[in-house]
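These are the structures, in structure tokens.
Note that chain A is present in both complexes that follow, paired respectively with chain B and with chain C.
Right after this comes the complex of A and B.
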């Protein structure tokens, strides 16, 4: 499998997406998963190549219809259990598909 | 290096609405000469347009807008409200607001990462929630940075 590309998205790609990306990176590190994470903004996220998008629910509503990859929502960016559950849920769905 | 300087922090801020709260956080940066008041309007408009997604975790909002000409230099401010306000988010009510102004999408990343690491630490955030002076909030934010530094030194 090629390196996984994970896009964290917020309104402008420079604020909250960075915080989300930090939390995703932490989970990946803990679980020993190699992936590349980066930040994106709601305007261009759907057109930016990646394997999966993580964002808040409000941002997801704007992306769902346009995104070609799974869009996964996080309510509390600082809840390690929630971020871990969602990241690992996605990773496991990939393993099943293989 | 300090995370946020004393004069960028205000506590016991009075606001009745989220708009007033965002404006109060932004006003610090106007007073510091880092943004023009147009940026405050942009931040409020961003919440109206995109929804309260900036309320990233319980009691906390990251107020910001896109990099633009109203941002004169990268800067951040922090306010702690006297009484929390609602943004219409599942993470309401909000008591702590970090206001972020950036001139582009990259150059502020290190500074924001540092503040975010402190804010997302439960003990730091609890201390901020209870801080009644800028000094207390400053101590909470920067003590965390010192402890990180110690860990790195080991």
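Right after this comes the complex of A and C.
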């Protein structure tokens, strides 16, 4: 499989998405999963190639209809337990599909 | 000077992209990233620097004519050439970022003020604003870096500590604060809402029409604002509009090109900032986790958005209304050195966050009244900020200012003019 591409999205693609990206990186590192993570803004995110999008519920509402990849919502970017649950849920769904 | 030293200082470090990608390189190595990650991250940071510069000049190009038109209408001299701070002072901005952040870490490590400033683009933009304030007042060299470094450090420590009780009130959680220029607007919001509002009637109990969701497409609204501004300017110029603005281009095509170039400029600018900070901020975060036990992270404002999505939209609309009223009153009075246009981004992010704070202190009424007042406050800030940034970043302020960028920029500018 090619390297997994994970996009974290917020309004500007600079502040809170970067926070989310760092939390996702931490989970991936702990679990020994290799993937490339990067940030995007809500305007361009749907047009940027990736395998999955992580964002807030408010951003997800605006991306759902346009995104061609799974959109996973995180309520509290600052809660490591929630980020871990969402990331691992997605990774496990990939393993099942294989 | 020794020619080798001269080459290193003036050529290598004189080039902002090189200095900032060196910071990224060191950060990546310290995080023990793989060789390919280090190479990719370092290159992307350098490329991001140039993307950012291009974005700034696109925005500049799209709004410069607004200033020219305003001067023609008011019969005042046209604004002069402004200094490209992002492009010419990259190294100074990089140094200021390092100085500010490390003073913040030291204070968090050794005093009771435990917040660490972690909003990525703000780590770049506050040094940018303070360097501009210094340059505008005629400072240069080491003095400029020390001046901007001290201001950045003070800001990074003071603002998140002022926000901390407000964030606690909104979230009921004391695990984080905000690092964002919404701070003065949020303080106004808390004060006003407490006076006039009733916290038991929350904005979140209202059923909001889904149609209002388009308000969240802030880039589009911002472009519409620019379009309308040009339209009004052309209307005021009347028969002169062709000579001052269009130069023979069909008016609609002219408006369309300016508006879309503006939208493209904002998109490119944000992409550049994103690339520039993508490697540096994780390194800074790693440092703070190692060096400051019990640190309180100060984060970007959308972390508060889930606590008041309705308040956010309501605050955006009411502050936009307030700023339009203020602009219609203050611009013709001629008390500002240049034109102020409605600040769509600031209404959404800064006033939108302040509205969530207002809701926590004073419910719907508090949110509406405080947001309207904030619309006026931001126009006054960006208007008077013009006296301190007209040679440097006033065009950038017309898009992103009206908040701490202007408030602290004015304070820094006053200090620089007194002692510089």
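By our rule, the second predicted complex is superposed on the first by the 98 of 98 C-alpha atoms of A that agree within 3 Å, B and C clash if a C-alpha of one lies under 4 Å from a C-alpha of the other, contacts with A are read in each partner's own complex, and residues count from 1 in each chain.
The criterion applied here is as follows: a contact is a pair of C-beta atoms (placed from the backbone, for glycine too) under 8 Å apart; a residue touches a chain by one contact, two chains touch by 3 or more.
These figures come from a predicted structure and were not determined experimentally.
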item	value
Chain B versus chain C as contact partner of A:16, first or second or both or neither	both
Touched partner set for A:53, first chain B, second chain C, both or neither	neither
Partner chain(s) touched by A:44 [first = chain B, second = chain C, both, neither]	second
Which superposed partner A:25 touches (first chain B, second chain C, both, neither)	second
Shared contact residues on chain A - chain B and chain C	10-16, 18-19, 22, 39, 41, 56-58, 61-62, 75-78
Chain C to chain A touching residues, read off their complex	118-122, 175-176, 180, 213, 216-219, 267, 270-271, 273-274, 277-278, 281-282, 285, 297, 299-303, 305-306, 309, 348-349
Footprint of chain B on chain A - complex, ascending	10-16, 18-20, 22-23, 39, 41-42, 55-59, 61-62, 75-79
Chain A residues touching chain C - in the complex, by the definition given at the top	10-16, 18-19, 22, 25, 38-39, 41, 43-44, 56-58, 61-62, 75-78
Chain A-touching residues of chain B, taken from the complex the two chains share	46, 50-54, 56-58, 60, 62, 64-67, 90-91, 100, 102, 104-106, 108-109, 112-113, 116-117, 120
